[in-house]
Amino acid sequence: MASIELLILFLVGAGLIAYLLTKVNTFLGSIFTIFAVMFVFVSLAAYGFNMNMDTVVNYLPGISFSQTYLGFYFAIIIVFVYLMVSFFHPYYLNEYKYKDSYNLLFLLSLAGILGAFYTDNFLNLFFFFELIIWTTMFLIPQGKSREAAVSYFGFSVAGSVAMLIGIFVIFQNNGNSFDIATGLAALNGTNAIFVFILFLIAAFAKLGSFPLHIWLPIAHGNAPHPFSPVLSGALVKLGAFIGVLALIRIAPATGLFVAMDLPIGQYVVALLGSASIVFGTLMAIKEDDAKKLLAYSSMSHGGYILVAFSILNGLAFAGGFYHILAHALASAGAFMAIAAVARATGTTKMKELGGMIHKMPITYLAYLVAIISMAGIPPMGGFISKWLIFQAVINKGMVFVGIAVFFGSVGSFLYVFRPLAALFLGQEFREYKGVKEAPILMLIPTFIIMGLNVYTGVFPAGILEFINKIIVELGYTGITVSTYAINGSNGILNPALISLVFAIGVAIAFVIFIVLKKSRKVDLMDTYTAANFVHDEHLLHYSVDFYAPLERLYEKQSSWMKKFYTALAEKVKELGKLGKYLFMSKNVATTLFWIVAIIIFLLWGEVL
Amino acid sequence: MLSTKFTPKTKLTKAEIDRKWWEVGDYFRRNSLWLLMYCTGCCAIELPPSMTSAYDMERLGMGPMATPRQADILLVSGYLSLKTLRRLIYTYEQMSEPKYVVALGSCPINGGIYHDSHAVINQLDQYVPVDVYVAGCMPNPESVLNGFVDLMEGIKNKTMNGWKRYHEHYEWYKENQKNSLGEVIVHDEFHQ
Amino acid sequence: MTIVNFLIGIGIALFGFVLQTSIGGINRKIVGRMQKRHGPRWYQEFLDIFKLLSKRAVSHGWIFDFGVIMALGGIVGTAMFMPLTKDILAFTNNGVNYDNFFIFVYLLAVGMLGMAMSASGSGNPWASIGVMRALTTMLAYEVPFLIVVLTIINYSGQSSLTGIMEFQQMAGNNWFLIAMPLGGIVGFICLMGMLGKKPFETYIAPAEIASGPMVEYGGKQLGMLFILHEISVFIEVSLFVHLFLGGAANIFEFLIKYFAVYTLANLISNVNGRFKIDQVVTFFYKWPLLMAVTQAVIVIYFGWVI
Amino acid sequence: MTNSINNIEFVNELVAKTTKILKQEVIDNQQVAYEINTCDVHHLLSVLKTSGWKQLSYLSAVDWPEENKFEVVYILFNWEQPVYIQVRTKIDRENPVVDTITTVFPGAKYYEREAHEFFGIAFPGNPDYMKQLILEGWDDIPPLRKDFDPSAYSAKKFPSREYPQDYSVKDPENHTREKREARKVRGNALRTGGKKQ
């Protein structure tokens, strides 16, 4: 029996040891971190699937745990991403200024995650959330910019405050108890709508969905290279967790759209999710930095998750939960491939890179597999989840959500192909002649994630059966899954068959290819240039403003949200200046007057 | 020789099998000739009438292509200055084999009216092997099409093997190119 | 699911290739006659493909070859799922047909991804520009098309092609081209985009970007891409036939409908010029999308179907 | 000033006011040429540029071996008043040097390189004038000088086809004029439908 409490305490202790070890030797500390995370992962995997974790609390005061399929599903995915990423630490930490504390903070945030998904108390939930936010906030500025941490923290705090108010409403509503299960069940009427909105604000802020998405590209783009996969693959999913609480567990009784058989609140969330999909897709198409591009893609996939959870039936939930897994694997894989390239070349800007495939073929394959999944193409996991979501959307007849969902699906081709073409394919740059493939320790997680991406796409049945348990736990009926086939609402899908047929097709093509005359190998620079002699490979590499004609169609509109938030920040700054002017003036009497006035105002009716 | 019950089946050698396949390939090749038009000179004006409804090149299975990789015929239409010859050789070497060269007009044959220019070469087959010459200044569409039909006949009779000659006498061609052009692939500020 | 199913699948892919290559050749002849020319032989496309396969090609590295193999593999795999009529279908098991519509859209995309990868891997900027245009065109036509298909699936309650076919052939139901006229028109316009016919031929544009993605191919790779192209045209036109024209009860009906749809698309293509790439996008997001949404709202929320 | 004759008078006045004219030539009612001293070129071009002749259409040279001079020609164009002005100046053929005008017309950079390539004129002040532009890897005296023999160069560099016999049709008696007349008559006959004129 593995105890949650002991695991958390173990992580805190391991964090301290890792801190000391890293101080002595970075490599040693990082290896220790890998083993610590591996221990946690193995304990979770061994006992968690059958709900065999020990939830008794002996040492920590005021904290209580319980286990649910829902919490476990999120926890295992996130711990897995943490484990994969920890393999990257030995090669990156030396670049950072405060490398000693990196492993400490990393393990502490993992402790926060375990707590957050296993607690049964709202106050504990909030505490663990804050633990995650605070630890990660100090991890992010180790990359490039402090501004990234500030904007991450700002949006997270907005979400936390909203959640805290919601928790207080529940507290008051539920007879002064912080218990999650009874608290959510006791909500009704206006209170339910109020908490619904507050929790959704928290969910949107964590998920980086429209309109609270500004922090996402800034934080993802500037975070340390090994931390971006965690941010995108794991931490964003916290928002999905709160979203599940709000959309499914609270689900306030608002008016109903008869045509779609859907509450208005849910439909509005679906529309916001759609906006998030479209907006994320368009911005990702425009982006030049590979990491920021993937960050916008996370935003778009967050939209899919929101859409899935706002359609209230088992099919959509299955799609949503499967998408959480598929996207975690895909985005972790993609970010890790980019991180490997960034380690070798020192940049993630697409216009400065090219032809990495000839140096790093395995990293290229990892990225390829990840983006196939991200674009929702068989035989990878993303296809299954998108198929389930499409089934649900079509079945409900949600036309406008449908536009966004299909647009995002096709649009994801466009943006995931860009790093592929600009970073890996194309001309080989002379400045990267000496670059080598990533070291073996970094290739281990790459291979594991590649394998899992394929596995989730070919044999989804086992995972879907587990998801069915979650759906039943949430009070809905699960979907029908047989060994190979998945039954949707209006059709049946056999992913294994698709993969097999695809393999047969490739085999046929390979036979055609191999029996024909062997090709003459030519240099990359020996290309058709309208018979001009070009000796500079940079001139033959088309990667800057890749989708320029498309971008031109919406370039005027693309900065609206940014301008709105800049204006908002200006207003807040002015407010702050006003406060400063009033309170911090040189005249002591004025300051005193205001302090007294405010105390009187606050205590009016209570004491006075 | 047909194999019967009494004569043992003769086993074909690999060379013979290759030759058989090559003949099959020749059938397809001569019925689907794609052109890369190197429109350097005035003879290029004869190509629109030979492609459009009056003479309709497409009924012979011929058509224009965009890049040298896809094309079978390098069609040199008219005079070649030194600068274009460099690009012509570069293009010719990029084409996939088997490849043929057809030269229109009198300029590639002997320099034509530019025979004494400092910038125009006199004889194309010194630099790349030419399979068919179509004489005339300019040749009219009938003779252009006649040239192509000759090329098809030649492919059938296995006489159109300029690309093999280029491989066999590669040094000789390179020598000629070097003598007339200096260097084939130029380096200067516009190409770096 | 036995080996026979897979053999039938391969047979369908081969049939599709032969069918589309012949019809493509016949269409070249028709276009020739329209332009007062004699036109090529009807089997000219076969000659072209086999000639290309017989030539000695160049290769720009392993991704250049691997992409082509992956592309052709994806397309052949997609074609193996395609039903010809409501009974001729490769993968069927105890009355369950595995020909979900989304397989065709997304497995086709594997082929496109392979081709895009291979083209970009050649290191030629024209190829990258062509890929960019192809993907942008795809973004343009795919959304209106999928909205129409959403309407069809929502209305018929089937997402398997044979199911949609049977729904249309049932007594009292019209072909979806007639039942949903706006959707049918949108479907046909999107088909033109999928086939890369003018005016949506932007990504090939031989005179402009030197045939776009295909710029570096010659010999066997180009031949394989031609096979790929023929099979993908077969898939796209068959999709239209099955979705909008009520599919086919027997193979002759299928052939007639197929020929009619492809020839019409080809004829329209031949009297058009070429759009710029941004014009393609704005075109598809203006009228076709509006019509598709109107059709969807009419059918789904009001239930009005002819 | 829409009338082009007026324009030319205006130009005459302008140039005469600015510099000393050695020779003047009105080519037609939209082109006028002035020959001036080499040292005045810069001044005149600057004045003309500020007066509206903003475009340097061409810069080249003419070889006069009898005089042992190169004549450098600058052609300017005005988009408001349709007059081309040719500014000509003669420089020594043995030591052909003329200052660059890239300070006035930056676009002259490439014209100067071309002039250097074809005539061997040096343009100090233009850092790039030595680089090759059109002739790639030229190995003889500049080809547009009159003492360059293209025929000999061609014979030396480019192998010519050797014919075993002379195929060219040479008319021993000069009948070409009569043939031309006959062709004219036939053409007329065709045009008028067979009727004699």
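By written order: A, B, C and D. Residues from 1 in each chain.
Basically, contacts are C-beta pairs under 8 Å (C-beta built on N, C-alpha and C of every residue); 3 or more make two chains touch, one makes a residue touch a chain.
Bear in mind the structure is a predicted one, so any value in this text is a computation, not a measurement.
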| item | value |
| --- | --- |
| Chain with minimal offset from the mean of all protein Cα atoms | C |
| Of A-C and A-B, whichever chain pair has more C-beta contact pairs | A-C |
| Gap in Å, rounded to a whole number, between the CA centres of chain D and chain A | 69 |
| Chain centre separation in whole Å, for chain C relative to chain A (CA means) | 35 |
| Inter-chain centre distance, chain A versus chain B - centres from mean C-alpha coordinates, in Å | 58 |
| Chain centre separation in whole Å, for chain D relative to chain B (CA means) | 38 |
| Numbers and ranges of chain D residues touching at least 2 other chains | none |
| Sites on chain C at which at least two other chains make contact | 54-58, 210, 215-216, 219 |
| Residue list for chain B, restricted to those that touch at least two other chains | 67-69, 86, 94, 96, 186 |
| Every chain pair meeting the contact rule | A-B, A-C, B-C, B-D |
| Contact footprint of chain C on chain B as seen in their complex | 24-25, 28-29, 31-32, 52-53, 56, 58-59, 61, 64-72, 94-98 |
| Residues on chain A engaged by chain C in the complex (per definition of touch) | 259, 355, 357-358, 364, 368, 372, 375-378, 383, 387, 390-391, 393-395, 397, 399-400, 402-403, 406-407, 410-411, 413-414, 417, 420-421, 425-428, 485, 488, 490-494, 497-498, 501-510, 512-513, 516-522, 524-530, 537, 540-543, 546-547, 549-550, 552-553 |
| Contacting residues of chain D [partner chain B, same complex] | 131-132, 134-137, 139-140, 143, 148, 150-151, 153-154, 157-161 |
| Complex interface listing, chain C residues touching chain B | 28, 32, 35-41, 44, 47-48, 50-51, 54-58, 206-207, 210-211, 214-219, 222 |
| Interface residues, chain B side, partner chain A - complex | 67-69, 86-88, 90-91, 94, 96, 185-187, 191-192 |
